[in-house]
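Heads up, there are several structures right after this.
Both complexes below contain chain A, partnered by chain B and then by chain C.
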Partner chain A sequence: MVKAFKRHSDTILMLVFIAAVLAGPVILEPVGAGYPDLLQKFAIYGIFALGFNILLGLTGYLSFGHAAFLGVGSYTTVWTFKLLSMNPLPALVFSILAAGLFSLLIGWISLRRTGIYFSILTLAFAQMCYNLAYSVLTPITNGETGLQLSQSDPRVLDTAFGRDYGAVLPASDLFGIEMTGYPGFYFCGVLLIICFYIALRIFRSPFGLMLLGVKSNQNRMNYTGLNTRPYALAAFVISGMYAGLAGGLLAVTDPLAGAERMQWTASGEVVLMTILGGAGTLLGPVIGAGVIKYAENIFSAFNEGTLQSAFSFLPEPLQHIAVSITGLFVGEGWHLTLGMLFMVIVIFLPGGLMEGVNRIINLFRRSSGGGGEGTAETAPQPAE
Partner chain B sequence: MFPAWMLETMDAILLQVLNGLDKGGAYALIALGLTLIFGTLGVVNFAHGALFMLGAFCAVTLKEILSWEMVTIDPTQKTAWGTPLEVRTPYIEAWLGDAGSFILDYSVPFSILFAIPIMLVIGIVMERGLIKHFYKRPHVEQILVTFGLAIVLQEIVKSVFGANPIPQPAPDMLSGSADIGAFFGLPANTVVYPYWRMVYLAFSGVVIAGVFAFLQFTTFGMVVRAGMADRETVGLLGIDIDRRFTIVFGLAAVVAGLAGVMYTPILSPDYHMGMDFLVLSFVVVVVGGMGSLGGAVAAGFLLGILQSFASMNEVKSIFPGIDQIIIYLIAVVILLVRPRGLMGRKGVMEG
Partner chain C sequence: MGILSVKDVNKNFGGLRALSHVNLDVEEGTVHAIIGPNGAGKSTLLNCFVGRLEPDSGSVTFADRSLLGIRPYQINQIGIARVFQTPEIFADLTLIDNVMIPAFAKRDGDFKVNMWRSVANERGVHDKAMAMLEDVGLDMKADQIAGQLSRGDKRRLELAMCLVQEPKLLLLDEPTAGMARADTNNTIDLLKQISRRGITMVVIEHDMHVVFSLADKISVLAQGTVIVEDVPEKIKGNPKVQEAYLGGAHL
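On to the complex of A and B.
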């Protein structure tokens, strides 16, 4: 009976998720996030964080190099646009494959080590990719300028099917629907739903349980005669493919790829999203990605003028002080807020927002004098 | 004495070794602090690069303070516009005369005195205020919280000092270059080496020796080493090991800070210099072996030298881009061949 309930609860979760994504523009309208560019970012980084969570949340391996896969995905997509077609589908397939191959190679080496060594190895690989993309690989990556489309691109398939974009730089389009604005968002959104479904299936599968076993005690898993590395590698490659897809989508919605996408700060960002939402939970990373992208958008848009009008109810000198203090945290200083948020979350809520929600729910249940079964242990296990 | 081609390769090699040494010195100092913290407290400190950066900005701050200017109006002279000429002299010169201008010129070395107490306080506050609460937490959370701290420190510095690098001049007397080649019997002016880099090398040598002597020859150091080996037993013997480890953290912060102070004439400090060095220093620590002080120092110099060899044009023409990735490449190879690093101890951070 419990099993049946569980299956149902997954179906409900899935349905709610689908509804939330599809109704995203309406739901997020009141908080001022109901415009397509930002919604696209939510969906794309949601995919990125979902994939990262398959590695961090299930196996407990903390990778500091996932931005490399994001970058590989972006570059592959732009190159497919240039050479084959402006249709996003082949571009995304190639991006996922390229990122998958790449992560197979990096994971195969990095996973020989665990813990802090693993983190540093992935960091080293990502920095290596970043440095190479900036220097030697300039013919492929176009270095500092970033890879862009140009009118003289061959686009073999498009020409074969007689599509001519004329003298303007083409935007990516799915059989005639341009991938900007709301169509772009719904394209990303549908992919996010598919990715969420796959992640859900992975979490519930024996494979997912095996990964959780790796996280909670790898030695014991080894003692039972099981080679854990293929499992961890599979998780690494899957999360790399998610990152590749996210990178590809970034380039689909805005056909441009730059090396800074591969920098370790970008890797740090996805770690933050996952932790903020709650590593090891299904919904957490998507929520974390949304919160961070939303906050980035809101905070960095503030400038002195908006601050002054916000504090205009204060007397002049106080207003001045308030503006100069809050000014540190917004606009250019948004990263300061991000860093503080990061610390606060790790210090007080290592399980992320989802743990916070669970705690509140538990508190509520306890105070309402509910039965014993309501206070079941729901706290996520700490990563090792 | 030598055939000509040999002389040429010899001075090329000598030059690269020298070039690598000062960078290696910086890596070694940061890695030494990282290893100290890791060995004593068992914490992976991602904010260590930020300490290096803070040290560099101690030098910047002192220089700023020293060059506050007193504006006097000289009535006897007029500018081209007919207004009285303003004479600007730094206060310190006005008060102390020649000694003042000496201090101003030598502001970078004087920053050492300024930086030591500041870095010590920052280190101790950091340990007591934040790191202390993370001893029992998993490594992932330690990494994350110090990573967050690094971002915060970096952004604070950025908002105070701006995003652009602030050049710091070396003292006049030391800003030239020495003809090292002549010293080794090579033709004059083939191998020249800036004095300041020599100073930096000597300085890092002194600091490293100082830290080792402190750990090796003082009672305090002995207790710390004992604590690194077995923290609980030392605690059971009635020694307040936590307090000592706090001081070790402060010491590591001072070492990183001094490395930063003295590095400012070589590389103009900006807010993200710490992170650039941190990633490399981690690689250095891993290559040297987690928890091995000697390993950290050796690996620091080794990687510094190898990096400068890789940036030679001859090498670059064979392996393009090798200078960008050599360190990471070596780290990967070392970790795969010798999982504990060059001098890693058994049982420390196995995995």
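On to the complex of A and C.
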């Protein structure tokens, strides 16, 4: 029975994941994150980090330029909206293809180097894309203002099917269901589930094992008859396509694409998400993305007023000091909190949050003693 | 002509002559040892077989196919496996994964995106890898992380990784370096078994005990040239060898 349980542990993991995503609004309600705008962000950045982890977690290549693919995805989606149709499906297909082609080019060049040189190359490419989007490519990207929809867009397919949005700016809709609010979240959520399933299959496949080999010992790979470059490139392109999908979804839920989406801070953010959650684990990056987006939402919303009321139990001079100190870590300064959180995790839990979860599970197993051995053995392993 | 044939190979590093007019003929199914003092060019020669170094002139052919100008992974795909002086293994993967990777490389070629298959369903490859681990006596540790093994075990694992590919030629760079005597003897036994399967082997070795228990033929390399090539019995007494190898002392 134990064996049977083990064999099905992936199925169980998948079912738990599906249930958690679909019940997201209910589960996250108590922590104040049960509203659709934030849930959409969890799902979208979850996809981004999931894809990034296929590169970082499996092959060990640390890219600092994945925001470029996010941006390409967003621009492609807005352009598809403008030219073809407000339906998200063709827009997302084009976003994935565009980001895939783009990552093929950047990856092909950057993967000539490994380690820090690879990271620097990807960073340089992403910054180039960002600057191009800001300046030279203004006809395509609309520069500083960002690419927006307008009433006069052709929308060839929509017109052909007699779809008229009247005098208002159109919103994206999937055959009549508007991609905002809960429908928007569930659309992103279903895509997150599909992406998670694909990542799971890659992790368990011979291809995934080869990627782990690339991370572990490239020299041995070469002398084992394996050509490492195409393996790394394939992982790079797959993660680029995930980023393109995430970028497309950002534009689906809010039809606007700006160059700042490609900035290096956005590339850094997905690195943080993946490492915070646990690089190389399946669930980690999704959790990391959720934690960071949640923290951003909470801490950036704090202002002096809320702090003052929080410390109102203190005598006035102390209250003043407490507010001015904590004030540094919230609002505009929430990145300071993020940085501290990141340092704490990397120092005490180098394997990310998933390592923490595993330690707790192991502690629980040990304290449950010999009688519980059988059941402990069969517990689904979230780290895998 | 042998399965591996080296003809008039020269290699210079800057002004240093590392290999000079080296000729070598390895008969199929034999164990051919290359010995020589430090700096004689043994490792340089081995690196010319596997695509790591390109000779300045001369030819290296394996089963009538030139090994020059092709990459290490291509050389492996035509049937040459290599064991390193310091074991090159996948230190953070399990032993079974370590052996399954070369087994997949043998089956699927140098690159294949089979991301819809599951490793767990690859019974054939798994069983083959497991049998190989059993052959080298590591089957009980199949689920351990390879980096935690002792040096001797790492070497056995690396051998298993090479053998699972059923190579035609196995190159061994000091397979017993840094081993305790008991481990060395185990390794000799293991290599004898491998040789009995008909796998051709080229061994670079310092340890004379190992060389004389294994080799069918020995080439002595000194200052970049082969000074003697003969059967072990005749090498021992050869004055040229004693001169080059031991500076005139008796074996």
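One rule holds in what follows: the second predicted complex is superposed on the first by the 355 of 384 C-alpha atoms of A that agree within 3 Å, B and C clash if a C-alpha of one lies under 4 Å from a C-alpha of the other, contacts with A are read in each partner's own complex, and residues count from 1 in each chain.
Here is the rule we go by: contacts are C-beta pairs under 8 Å (C-beta built on N, C-alpha and C of every residue); 3 or more make two chains touch, one makes a residue touch a chain.
The structure presented is a predicted model; accordingly, all values stated were derived computationally and were not measured.
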item	value
Superposition on chain A - do chain B and chain C clash or fit	fit
Partner chain in contact with A:121 - chain B first, chain C second, else both or neither	first
Chain B versus chain C as contact partner of A:336, first or second or both or neither	first
Which partner, chain B or chain C, touches more chain A residues	B
From chain A, separation angle of chain B and chain C (C-alpha centres, steps of 10 degrees)	80
Partner chain(s) touched by A:26 [first = chain B, second = chain C, both, neither]	neither
First, second, both or neither for A:62, with chain B first and chain C second	first
First (chain B), second (chain C), both or neither touched by A:206	second
Superposition-derived minimum Cα distance between chain C and chain B (Å)	14
Chain A residues contacted in one complex by chain B, in the other by chain C	none
Touching residues on chain A, where the partner in the complex is chain C	7, 201-202, 204-210, 212-213, 215-217, 219-228, 230-231, 234
Chain A partner contacts - residues on chain B that touch it in the complex	44, 130, 133, 137-141, 143-145, 147-152, 154-156, 158-159, 275, 279, 282-283, 286, 290, 320-321, 324-325, 327-329, 331-332, 335-336, 339, 349, 351
Touching residues on chain C, where the partner in the complex is chain A	50, 71-74, 76-77, 81-82, 84, 88-93, 97, 100-102, 104-106, 108-120, 122, 125, 161, 165
Contact footprint of chain B on chain A as seen in their complex	60, 62, 109, 112-121, 123-125, 127-128, 131-132, 134-137, 264, 268, 271, 275, 328, 332-333, 335-336, 338-340, 342-343, 346-347, 350, 382-384
